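Next come the structures, one after another.
First chain A sits with chain B, and in the next complex the same chain sits with chain C.
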Partner chain A sequence: MTSSSLMFEVLMYLNSYYFGAFAVCELLMTVFKMINLPYPNRNIVLELMVIILLCCIEYARIFLGRKGNLTQKVGPIVMSLFLTVPSFLSVVYLLLWQTYVLRLEVILCYIELVMECLESVLGVVCIGSFYKYNDF
Partner chain B sequence: MKVYILTLFVCYIDFIVCSTNFNESEPTVLNSFNETGVDNSTEDESQTCVNITCSTSGLNDSDYHSSTLVAPETTIASIESDKSEITTKSVKNEKENELSNGLSNSTITTTEATTTTTAAPVTELPSSSYYPDQVCSCDMKVDECDINCCCDSDCSALDKKVFSHCLSDKDNFPEDPNHCFKTNFIYRNNTPITIFKHHAKGLFCIAKDNLPERYQYTDLSPIHTTKQFHKLLKRRRKKVFSWPSNFKSINKSDAFPLNSNYKFGSKIWMSDNSSNLRPFSLQTSTRSLLCDSETDMLFLHDWKSGCLRNIPSEFSDCESNFSFLDMTSFYDNIILVPNPSVLNASQLECSDDLCLKVDPMICNEEMKQCVSEIRKPKYDVDSNTCMNVVEKVLYVIYHNGTQGIILAEVNFHLINVSVSSEKLFRQTFEMNFRWIAINDTISLFKRSGKPGYLEGKPVISAQKITETVDGREEHSISLNNNPQNWLTIPTAGYNGECTGNRLNVNFRQNMHSECKLIVPCDCAAAKNKSWYAILGMYAENVTNIHKINLHVSSYGDPNVTNLNTWVPVVVETQSNPNRHKLGCQNVYSAISFRIVFSKFGTFKRPQSKIIGVFINIFESDRSIIEVKNQTDVIKIISSISFVDASKPAITRFADPPVYEIKLPTDFFYPFLSSGHRLCPPISVILVLFTLFICETLLM
Partner chain C sequence: MSMSVLCADALIPSRFLTLIAHLTITVVILSARDEVVTASLPYDYEEDDNYQSRKSFEILIGLSLAIGLLAIELTGFIFGLSMFMPAASVLSIGCHASAAIALSYALFDSWDSSLYWAVFALCSVPPGLVEMINAVNILVLKRV
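Right, the complex of A and B next:
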């Protein structure tokens, strides 16, 4: 009996591609801003670091989430949920607190945030169903 | 397991990055103030501690404009100490600051600097940065509504109904074109004419700007010590305007230049009765229109000025000796030094044989037809006038270049003024220099440029005269030397009436003039008068306005003999369709000149020539009907516009030559030939041969 969540898997799968596009756009937009706008040096480093770290976290989060869901293991999903927090904060940083926020960034960040919220809800549901159907 | 550790590590770093960023979320505000602080501490040995602020700008999730608000309240504690160690302890202190306009609440954290040594706060900066919202540059009147000032809080909604528009503060604030929302920052929400936001198109505009400080100047602290002043001024040496050191310049040029000749621009020296040498000067006006100061006359520097004088109010004023009314006061005491080198250096005295007296002449209003005569002011009881009052003074200095002044004369134009108090008349003073060798100065012709016209110089015109000599028609140009007889337009006097004083049509000066002309209600006289007003002297003895044969010189240096350098003036008349049945014909009231010119010569020194003149003459709108002994008023309008018809230089060049290099069809025959199959192909042999040669050369 499988208790993996199809919805969770679909979302994670979608998110993996979406995030790829998101990261590429973010990097390109940062370059665009660096060229076009006055930037304090420190802010550039900071923002690039945030984006790169976000990439790492997001990769690990999606990987762990999918692995946990497919293998019906609670551990990776919990880890994935735990990683959602820094990932969420990083996206919020890009949405609100970085030096210049472009309109495209606003749109992309909101989509990413919505996905992450849905995934964390479904992640919790998933864990619940694991507990329900499997005895640990 | 590795994945877990890695992700944990990454997480940790990410948190650090995020949290450090939160602490420094207002980087430039701090920076800007710290800079001033650094300035202070470097300039003053005594330690200055600065500490300032945080604002909500970075963290605030409020809307766009309120996020631009930065409210630094600054406290500078400057402590005099002998470089003892200062430890600072920060005390964070949060307080709510309600902004007066109620736009947003921002939390201000003030970090106070406390020291272990004696704390003596010396300066306190005023609340430094003005929010763009608080700036309302059109609100000038206190407690009163300024018209069209939409940001004025004194104006009620009712008051604002009278406004036609809002005086914009847009120019005062830099606007970033990258922003998605362009708010003009100023208008408050509670006015009917309120905030307007432009929404820029495109996804790459800035939706939120967390670096509004780039629009703000660094707020500098006041300067207290001389040392700071010197340092600051030294750094900005190039920006500071400095006057010439005036202590030196005054006395230097006031000394009599011994053993030197006059040069262009050097002062002319004179001696008065007291045998003192002083620069020769004439009256002029500086502070008011009255004659209240004197100007030194400079050698070879033609000069003209006019100023107002009081009309004599009494009999005694009129006939008093040596007043400004009296012509003798302008030459009697004046003995000019012909050249400074003439005088003996030891004595510096102007004897009669060395120096020059000025000869007086009385002339007419145009300063011509002069007679050598002296007329003193005289009071005429019957008419209550003061006669022979000096109105124009013209000094004519004849010079011979380096030899200085040879001859000097002064021409006067005298008038009679009725004696009255509190009335003024105008005196004009003029200084002309002429070469002694040239006698006939009246017929002196002044070019308007050489060869092309110069801007502002009168357009030269003349009439073409056709004479029949021996059955052949001969054309010639009769050019008058006086610019007053060239193309002119009428001007209005003080009461708006057209005067005899006409303005020249000057090259590249577009002009428009209107004046009233009083014409008799008699067709012939009205016609003549209007024609004269429009065309000036060219209207004399002309029956058909199309046949005035007027020509304009193409070049500023007219050539009378070459008729090709003269351009005919094309005249077009427009009659008034609404003229009254009984109204006089051909009474013209408006003239418009269209003068087409073009540039010629090189780009470096372009010259201008006139290539066409078109005159449009309009019949008077007002119909003049013959009534005996009546007058009517018509309005004379003249306008001049210049049209530049220059064409750009020819920038087309010949096409590059086509190289038609073709190899003969059998060029590759030896390589492609398959005739001798038995032998190795010649190409192979050739390649081997070249390789062999190369190898041997390299060895």
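Right, the complex of A and C next:
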């Protein structure tokens, strides 16, 4: 009996590409802000660190979520759900608490947040269906 | 490499990204509506609040329609109605990529608002229409 969620896989697959574009846009916009706006030194390091950490977390989150869904294992999906928390917070940081927030960034961050919310809901549904159909 | 594999490998992500790009630039313009209104005032303009609010409303309607069509297409795409149709995907990628480029030019070069309708007619309507015909074909007429 297969109980993997197709919707979860579709969203994770699309999110992996979306996040690539998102990260490139974020980095380029940070460079743009660095060149054009006065920046305190500490902030720029902090923001670059947040973006780089976000890339690592997001890579692991999507990898674990997809593997867990396709192999019908609960463990990786739970890990992926845990990793959603720091990832969500970093995107919220880019959305609200950055030194300068561009209009484009706001929209890109909102799209990313919506995708993460949908994925966490579907991840929980996925775990439920694994417990229902497979005896762990 | 078979057609469906090629479609899944290249067309699906690029279609999603061009759809998102079009959505993003549309929302950016929507939130910067005042600049577009200022840009599309005529040369012999005299202070007239009525004119400005009418222009602003016109742009609001155009962009909301574009967002609505995008939402329909995104839904059809994510739920798989047209995900594995190469022809529809190529049409959609072409239209939305050119729309995103045209709209960013429109914002940077402050085009007149009537040109937005041209972009809407050329780049938003055809893929949206194809998606709707597709959905009717599959969901109502049960033809694939």
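Operating definition for what follows: the second predicted complex is superposed on the first by the 136 of 136 C-alpha atoms of A that agree within 3 Å, B and C clash if a C-alpha of one lies under 4 Å from a C-alpha of the other, contacts with A are read in each partner's own complex, and residues count from 1 in each chain.
Note that a contact is a pair of C-beta atoms (placed from the backbone, for glycine too) under 8 Å apart; a residue touches a chain by one contact, two chains touch by 3 or more.
Values in this document were obtained by computation on a predicted structure and should not be read as measured data.
Asker: Should the pairing of chain B and chain C on chain A count as a clash or a fit in the superposition?
Answerer: Result for chain B and chain C: fit.
Asker: Thinking of the overlay built on chain A, is A:103 touched by chain B (first), by chain C (second), by both, or by neither?
Answerer: In the superposed model, A:103 contacts both chain B and chain C.
Asker: With the two structures laid over each other on chain A, which partner does A:38 touch: chain B (first), chain C (second), both, or neither?
Answerer: Only chain B is touched by A:38; chain C is not.
Asker: Output check: A:111 vs chain B and chain C. Expected answer is one of first, second, both, neither. What do you get?
Answerer: Second partner only.
Asker: Considering only C-alpha centres, what angle arises at chain A between the directions to chain B and chain C, nearest 10 degrees?
Answerer: 70
Asker: Looking at the overlay, does A:14 come into contact with chain B only (first), chain C only (second), both, or neither?
Answerer: The answer is second: A:14 touches chain C but not chain B.
Asker: Have a look and say if chain B or chain C is in touch with more residues of chain A.
Answerer: Counted on chain A, the partner with more touching residues turns out to be B.
Asker: With both complexes placed on chain A, how many Å separate the closest C-alpha atoms of chain B and chain C?
Answerer: Between chain B and chain C, the minimum C-alpha distance equals 5 Å.
Asker: With the touch criterion stated at the top, can you tell me which chain A residues are shared between the chain B interface and the chain C interface?
Answerer: 103-104, 107
Asker: Across the complex, what residues on chain A touch chain B?
Answerer: It is residues 29, 32, 36-38, 40, 42-43, 46, 49-50, 53-54, 56-57, 60-61, 63-64, 79, 82-83, 86, 89-90, 93, 96-107 of chain A that touch chain B.
Asker: Over in the complex, which chain B residues touch chain A? Could you list them?
Answerer: Residues 3-4, 6-7, 10-11, 13-15, 17-18, 20-22, 24-25, 27-28, 58-59, 61, 178, 180, 202-211, 214.
Asker: What part of chain C is in contact with chain A in the complex they form?
Answerer: 12-13, 16-17, 20, 23-24, 27-28, 31-32, 78, 80
Asker: In their shared complex, at which residues does chain A touch chain C?
Answerer: Residue list for chain A touching chain C: 10-11, 13-14, 17-18, 21, 103-104, 107-108, 111.
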